[in-house]
Structures are given as structure tokens and as C-alpha cells.
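What follows is chain A paired twice: with chain B in the first complex and chain C in the second.
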Partner chain A sequence: MVENNRWGNFFAHLVLILGVAVVVFPVYVAVIASTHPSGTFLRGVMPLLPGPNALENYRTVIFEGRSRAGTPPIGGMLWNSFIMAMAITLGKLSISILSAFAIVYFRFPGRIFFFWVIFLTLMLPVEVRIVPTFEVVANLGMLNSFAGLSIPLIASATATFLFRQFFMTVPEELMEAARVDGAGPMKFFKDILLPLSITNIAALFVIMFIYGWNQYLWPLLITTDQEYYTIVMGIQRMVTGGDSEPLWHLVMATVTLAALPPILVILFMQRLFVKGLTETEK
Partner chain B sequence: MASILLDNLHKVYAGGVQAVTGVSLDVKDGEMIVLVGPSGCGKSTLLRMVAGLETISSGTLKIGDRVVNNLEPADRDIAMVFQNYALYPHMTVYNNLAYGLKNRKTPKDEIDRRVQEAAAMLEIAPFLDRKPRNLSGGQRQRVAMGRALVREPAAFLFDEPLSNLDAKLRVQMRVEIKQLQRRLGTTSLYVTHDQLEALTLADRLVVLNGGVIEQVGTPMEVYNKPASLFVAGFIGSPAMNMVPAEYLREKGAVFPASLPQGTDLIGIRPDELTLIPPEGDQLAVSGKLMLLEPAGAESHLYIHLEGSDQPIVMRVPGVPDMQEGETICMHASIEALHPFSKATGRRTG
Partner chain C sequence: MQTKRTTFSNWWLPYALLAPQVIITLIFFVWPASQALLQSVYRQGDAFGIRPPTFVGLRNFEILLSDPLYLNSLKVTFIFSVGTTLLSMSVALLFAVMVNRMIRSRDSYTTFLVWPYAIAPAIAGVLWWFIFNPNIGILPYVLQGIGYDWNHRSSSTDAMILIIVAAAWKQISYNFLFFLAGLQSIPHSLIEAAAIDGASRFKRFWNIVFPLLSPITFFLMVVNIVYAMFDTFGVIHATTEGGPAQATNILVYKVFRDGFVNLNIGSSAAQSVILMGIVIVLTVVQFRYIERRVNY
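== the complex of A and B ==
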């Protein structure tokens, strides 16, 4: 398959570079835009070189917000997003790993039925069930709360399914050896299954965190109190808020800051990823 | 140390499959019993029933003086060595050995003493800090044994522990297991499908077929006096030759008139056939040499009996000076013949 053809190499690299450029260019434009003063964008020409206002723009979004348009300083929104994303991630992980453990290692009546019920929820993403979910959350008095932001998004068939697939590849003798060694089910789970799943957990952590961080529709629907605004919906409010022209330089600064936490999570978790790829522990 | 008593054990799977039928066995304290049989004969199921990994459908299982039918594996005071070792991949060798003791709340210095002792005995002390994936197959095998050893259990259960090793290592480990078991004097049940392993390791051999015990006895008893056609064919390599008694009568082979009642098959081991007539009463038949297969110190001769397609294997020392296609005459001492009944499949005398 691998040919050391000069033109082949050149062509392959060309395609890759073009691909990367297509992906990176908008990000670059956003970062550049966040460094210009407000008037620049009204001329209709996007600058491609950094402007002089970087420090001032970032200071504005972090400390002042746009009180006129009803958007608070973004520190609070970043924190809200972080809390929501973490709650969703940890909730999803702990519930799905436990339910996968139950489905794979225990024989109880209705085991297959429950598995399919869990599987069925894959077909019902938040957007589909948003009206009844809102009704339930509102009746429970969870509007404008972190519980309301995170709990409805925690059920996850995807993670349950992935853990189930992984558990099924763990040799059964390991469980039997643990039984002979005097480990009960929960001890087996804690001492053996959990350490073996650590790379899967890391991978799912990244995916779930980004999923939680990027939630837009749900927070928009159930939060009316500024205190619970999340960053992603905050950006939208900045664009449409107020009567004046959107302040693109501030929006772009906010966007850049909003993209940072997911990037940090990926960078941090990458080490575990690589470990998971190079070490085959089974 | 304990005896193990299996009394009329049955295992029926949910689908109605009868895996083990009415197995009774008395394993004496300190004895090494090898369960041997072809795959699917129920030997592993039986072992797992003793271990507590399979439920017992009916019958009584006693380890020592306790009936353990409904006890968890951990409460039966047994240790098991698995076929694929089942080492915990994320733990060091030390922790693999110590895990069972930790779960039993053994004091820390006691754990350390026992682990070091087992490691020294099995020569795995240099690897205590390594993870299983950094060990060779033979070393993993030793760790798996060590995990059983540190527990100082009433009985060892071995589930085909050598089948993942290469031939040379298998012989070496076989010897070590035997020596270790002798030294510790721990009651052991050992499952294998390899008849050579079975013959060399066992104090007593249990041959299983289709979930039923075919024969129990010392290796030499089983080899010299197989109780059934199945045992005769399974134990010994190459397998025992089976010749219809009728054929031998017709050919006028020197033959005693008084065969046990109901005998219609005569078994002869390949190494009991000779080219030179032995002393005393004997049997002589001739056949055509189809293939001569030298195997180092000995040769296998594949022969078709004269006037029939009945194949016969013969094992002779060295390489005889013969041509394929040649007609040769074979002899066997009368004492070396094994009479069987085709109808019942049992030995007749």
C-alpha cells in the first residue's frame, strides 16, 4: 500500500494541507477578528492580520460584559458551562458504566429487555423529546438551576453501549479468578473492571465533555436567569442582543475563550489516549 | 489439606444438555487426580463444579468434612489455575499474588512473607514488579501457579494449565508441577485432554467420556487394562489396534480357543506387536506394509492385514530394513491381547 512515489507524496500532502486549511481558516479569522477595534467590521472587509485591540477586547469581555445587551461578564458563563459539562460528563460516565456492568455481568429477569430500552433512547435525542422534557423539568421546579441544566442530558445509551462492548471483550476467566480470590461483584468492578476501562473512560470523557459544553438549545430553553447562562448560548445572545450592530470583535473574543476549555480537556486527556493506543492491557 | 468427595454429581444446562452424569469419585487427601477425556466430555464442567463456578444440578460435593454445594468459590478453600492464566493485567505480579490474600484480610507482613516464599519456590522473584504483559508464556504460567500457591488452599484445581505453552516448555512445567505437588502434598484435581500429561502426572487417572466416568485407576492400570473400547483408543499413542476376533479365527492365526464370553474385538497395542516371534503362546498374522514412518529412536509401520483393508499400526525400535509393499509377519504374545465386546464397548476379561 505504502508507495514512495514523489508525486504521490506531493499529492497526498497537498490534499491534507488543503483539508487542514479549510478547517483552520475560520478559526484563524475568529482569532484575528478578536484583536480589532469595533469599527473594522462595518467596512465589510475581513482583516487577515492581527489588529491593535487584543488586550482591550479580552479585558472587556472578561470583566465588563455587555451590560447594555443583557450579557454578563463571561467569567460566570464559562463557569456555568464548565459545571454543566462536568455534571453531564460525570453523570453519564458513572451511570452508563454501572448499567453496562449490570447488563453484562448479572443475570436478572428482563436483562435483554432493559438493554433494548436503553438502546432505544439512542433514537430519542434531546431535540426530539425537548417539549415533554421541558414540561417535566418545569413541573419539578428545576428551571434556572444546574440540576435542570444537566440531569435531562445525563441518560446516555451511547456510553452504556460502548462500555458493554468493552466489558464483553474482557475474558470471563478474569471474573472467575476474582471470584476464587474472594472478590465480590462490586470489588471486582472496583479493583479490576474499572482500572481496565480507564482508557475507554478517558475517551468517553472527552466526547461527553464536548457534548455537554456545546449544549445550546436546552440551556437556551430553560434558563431565564442571567446567573445560569452558559457560554454557548451567551454568544448567541451577544449576536442578537441590543439594537445596535453586533459587536463582532467582542463576540469573536468570547468565541475564542469559549473554545479554550474543550481544547484543554483534549490536550490533557490526549496522554491517556496515546497510552490506550500503545498499551494493550487484556 | 483435605479430601474431596464427589457423590453422584449431575450437571444439566438450561437447554437440557446433560454435561455430567452421575459422577462419583473419592479424592484422597494429598492425591493428584487427573481428569482426562476428549473435548466436550464434561471434564472442565466437572472441575468448575468443584470450584463453584458452575452450579451443581444434583448430587453432593464435599471438600474435607463440609458439604460445599452452595458455597461461593472463595469460601470453598480451593485455588484454581486457569487455562489462559487469567492474570489481572493491570496489577504487578506481586499484587496478582497478593490480591486473594488481601481480600481475605490477611495481615500485611503475612501476605509479604507468603508472596516472597511462593515467588522463590517458582523462581519468579525477579519479576515481582512487572506487569503480566511483560512476561513470557512460561513466566505467566508460573505466576498463575503462584497465585494458587500463596493461598495455601485445601485443594488445587488445574484447568488445562499447560495447553497454551509450547511443547518443550510444557514438558518442563509438567515435571515442575509434579514435583511441587509432591512437595506440598496438596490434594489436586487436574484437567487435561493430553493423555501423556495425564499418564505422567496422575496418582490416579479418571477417563471421562460424554459426561460419564469410563474408568478410574492408576495410570499403569488404565494403560495395561483399559476397561472399555473408548479408554483403549484414547490412552496410548499411537492408538491401540482393534482387530475383529472373527478375522483372526478365519486366518487360522495361532489362537486360544477360550476367549472370554462375548469377545468380538481384539485390541493390540502398536508396541506389543513384534517382528520376531516372542516366547510362549502367541498370535501371528501377516500383512502388507503400506508406509514406513521413521520417528527417531523408533519407527511406525502402517500395515494392511492380509485379505482385508484393516489398517494396523506397529511400533518397532530403530528403522527396520524393509520396503513398502513387502508382506511381513507380525507376532504378539497372548498375554498382550485385550479382549473387548463390540456390543457393550466394555472389556470382556
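== the complex of A and C ==
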């Protein structure tokens, strides 16, 4: 630092600690609320200290659900979310690394055209063309299926771009050497390019997993069968399930469980996450 | 667009490699988008197939743009995206500047600030909805103490504040990481030189750091506006559902409502087309900026 300002540092720490407190507060409140019995929420203000009912609440939401309000046990929903997130992530990664490989390592008629077709997907988030996309999926008979949940979301311009950028930085000599040694394109891809891309793949994995896990509107539309509900959309059903106030202790236990997997992914893979985020977007 | 200096020669392999991506794009992106374009110039037929869809040209757009509800939705979207962008970016910049001063504690603060990125917009909505709940929420309780009667179920302003706070909260991590990366790439010598010339801390920030951050700031502005306009469906749907009295009915939410709840396909398609136009403009702006930034 240019000058070491004791009061400045103190002030900075103060701002950050307050800031962190504000950022953490909503989740803290949710965790606290999930440990209280339902009676706590009938009057007064919400609790700020843990209550005695944690085990009970979590057991209820995971195994029983609220059958009367139409929400299944969330154990199944967690599993669905996991399958959907993994399918979207792996699908996105594999189709985009292949297309980036084709675009960078081959010259063929229509290359630029295909590049633009893929580029288009970046421009059209599912939210803006929701009705016609829904019709397509319905016509294909993919409502209430994992295929319908994941396949329409796995085209990814972002990942294709990142892999393209990365492949452009791979030294030319590697490929020339591989060719001299008689390796075909797929062998080069499998034995040289793929191992080199591991960090990029991992970084993208974090971003894509979170993207997949947090899908909301799409599962909401195409699943009417409880068996395919995902956890993030399930929460909405719990909140607006009846005319009465929601059962806050159960809602918050669900919220906690729904937010936990992606948060853990970020915390354990923080470096990769930061790398993935700051590099994909520029 | 470049390739490698030498390339593999194989006439069918590249097509096979591209096929999965291109097929999915055509079926789930290009086809629906063209359907939306088509539907937007037709008046839908009735449910029994007695009256076929009729071509109406730009009529759907005319109706839309003279519809006070749609104009209101435009206004609401504007307020919401500007509010979310400003709030989330300014808080993130403050955090980034403070964290950048730290040496030992930098990583721990970063850890505490990045994880809200993982939270789904719908969950962010539910969390803040709980905190702002008029019956048991802690903030209305505090606000009552200073004489403000919070109720986002009846007050449009309160509802708007609620969704802005929820949407901005989730986006802080993202902006923070980019600002921090930007701050760390500023050469220290510049700041030291200014300090030797006697520039105060505030002057150094305002005249050196902030201008050097401007490319990132601009980039984040576009990203945040896109986020607020298109990715916040969950926030709205899980909390206010567009109410009270249309006060939080942003464009993306209105497309959904008109298409799936009110079953007005023509109008919904026209809205989709307008939204696609907005996305394309924003994306082009973003990419022009990326091209310019290469030598920064």
C-alpha cells in the first residue's frame, strides 16, 4: 500500500464485515427459521436464534413432504435436480468441446455459417421465446421427462466460445507433431487436446452445474408430474400452495437444502469458479 | 475467422462433430424463434379450428404498443433493471475496493462474498420475501419502529424495492469478482506516482482507478441489464407475481403470463419478438466492446 493508514484499514474492515453480514443475513435467517416449530411464525417477529426443531423439520421435508399442498417429499426433488443439472452440464460440455474442435481444427464449407448458427443461441435466452419452445417440446412428446428438462438447454454458445479461444492458444507444433507421428484427428483430440483442456472443463463445469441446478421457468412449464419436479421450482409450489401463510419452517428447510449443493460446489471449487467466470465472459 | 495454420482434412468429420450442437440449436432455438416471428404477424384461430389463423401484418405490434399495460411493463422493466444494476454494481464496487486493500484477509472476504452467486433467483426472491414479510419479517418490524408501514402486497413502491433488493443481492458476487479482477490488473506504479505527486486517496481513486475500471464497468452494466431483464423471472414469480396492480410485471414475466395464463399467443409472440430484438441489440453492444477492449 502507498501509505499505511491504520484508521483507513480499520474502516475498510468495518465496511467489509458489515457488508458480509448483510450478504449472509438472508441465508442465516433461512437456516434459523428452519430449526423452529411452526408455532413460532404465528405471531411476532421472526426468530434470530436457533430453535429446537431442526431434525424434525428436515426429516419432514425430506421424507414426507406436504402431501395436502401438493408438494412431494423433497428427497426425490433433490435427486431430480441433480440429474437435470448433471445432464445439462455434461451435455453442454461435450457438444461444445466437439464443435469448437471442428471449428478450429478443420476447414470446411459452411464453417462460418455454422459458427453463426451457434452464436445465435447466445442471443436467445429461453425466457424470451418461451411459448414456441414449449410447443416444440410438447410436440416432440418430451413433457415430463428428463430429456425434456435437459436437452433444450444444452446448446451453449458460451462454452463453445471458451473452448475455441482456448484451442487457438494451443501451440501449432503439437498438432503438427501428432500428424507427423500419424495420429488422426480423433486420436489427437482424445490424447492431446482433451488432457490440455482439463482446467477449462472443470471451470466451466462449476458454472454450468450452477446454471443447471438453478433452472426455474423451464422445469416449471414442462413438468406437471410430481415425479419430475425439481427442487428450485418445488419451493415456489410450497410458497404459493395454499391461501394461508406458507409453513415457513418447512419452506426454509427446503430453501436451505436447495441452496446447499451449488453453494458447496462454489466453496470447494472457488478458484476454478472464479477462473471460469472471469474467463468465459470476456 | 481464423483456424489453425495447418488443419486436418476430412470431409465428413467436422460436420459430424458439429451435428449435435447444430441440431439442438435448430430444433430448440432457431425453429421456435421463427415460430414466434410467424405467430407475431397472425391472429390466432379459435380452439375448435372453425376460424383459421389470419394474417394481420403488424397489427399485433400496433395493439401491443398502444396497450397501456404493455407500456407500463416497459416502464417497470426500465426502473427495475436500472435499480438492480445501480444497487448491485455500486455495492460490489465498494466491496471490491475495500477487499483490494487487504493482503492477508483478501481470500477469506472473497469466499464470504462469492457464494450468493450459487443461489437461484427464485430462492433469492423467497429469502427476501421472508425478510420483508409484513407479518413476521424483521425489516418491516424495524421499519415500523421508524414509522414506515411496509407492505409490498399493497404498495407498488415497496414491491419494486423488494424485487430490486432480491435481484441485486444475488448479482453482487458476480460484479464483485469482476471489479476485483479489474482492480488487481491496475499497475501499482500509477497509484504510487500519483501519491508522490500528492494526490489524496479519494483523488487517486476518482482520477486513476475509476477511469481504468471503466471498460469493466461498462461490460458489467450490459451484463447486469441483461440479467435484470431476462434472468429474474424466478424472483418475480416466487414473490410478487407481477403485482400489486402490475407494479412489478416486467417484460419477461408478461410474456409468460400472456402466453400461458391468458393464452394470447399472438400478443405473446409479438412480445417475444420485441424481447429478442432487445437481446440482440444488447449482445451486439457487448461484443463491439469486447473487440475494442483487446488491447486494453
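The criterion applied here is as follows: the second predicted complex is superposed on the first by the 257 of 282 C-alpha atoms of A that agree within 3 Å, B and C clash if a C-alpha of one lies under 4 Å from a C-alpha of the other, contacts with A are read in each partner's own complex, and residues count from 1 in each chain.
The working rule: a residue touches a chain if its C-beta (ideal position, glycine included) is under 8 Å from a C-beta of that chain, and two chains touch if they have at least 3 such contacts.
Fair warning: this is a prediction, and the values are worked out from it, not measured in the lab.
Room for both chain B and chain C is found when the two structures are superposed via chain A, with no clash between them. Angle at chain A between chain B and chain C, computed from CA centres in the superposed arrangement: 90 degrees, to the nearest 10.
Looking at the shared chain after the overlay, A:267 reaches chain C, while chain B stays out of its contact range.
In the superposed model, A:192 makes contact with chain B only, not with chain C.
In the overlay built on the shared chain, the residue A:19 is in contact with chain C alone; chain B does not reach it. When chain B and chain C are set side by side, the one touching more residues of chain A is C. Once the two complexes are laid over each other on the shared chain, residue contacts for A:136 go to chain C alone; chain B is not touched.
Once the two complexes are overlaid on the shared chain, A:179 sits against chain B and chain C alike. For the overlaid pair of complexes, the smallest distance between C-alpha atoms of chain B and those of chain C rounds to 6 Å. When the two complexes are superposed on chain A, the residues of chain A that touch both chain B and chain C are 176, 179, 281-282.
Of all residues in chain C, those touching chain A in their complex are 1-11, 13-15, 17-18, 20-22, 24-33, 35-36, 39, 91, 94-95, 98-99, 101-102, 105, 109-124, 126-131, 133, 135-138, 141, 169, 172, 174, 177-178, 181, 191-192, 195, 201, 204, 219, 223, 230-231, 233-234, 237-238, 241, 252, 255-256, 259-260, 265, 268-269, 272, 275-276, 279-280, 283, 290, 293. Those residues of chain A that touch chain C in the complex are listed here as 1-3, 5, 8-9, 12-13, 15-16, 19-20, 23-27, 29-30, 33, 41, 43-46, 48, 94-96, 98-99, 101-108, 111-112, 114-115, 117-118, 120-125, 127-137, 151-152, 154-155, 160, 168, 172, 175-176, 179, 184-186, 188, 210, 213-214, 216-217, 220-221, 232-233, 235-236, 239-240, 245, 248, 251-252, 255, 258-259, 262-263, 265-267, 270, 273-274, 277-278, 281-282. Residue ranges on chain A touching chain B, taken from their complex, read 171, 173-174, 176-183, 187, 191-192, 195-196, 279-282.
Per the touch definition, chain B reaches chain A in the complex via residues 51-53, 72-74, 78-80, 82-84, 86-90, 99-100, 103-104, 133, 147.
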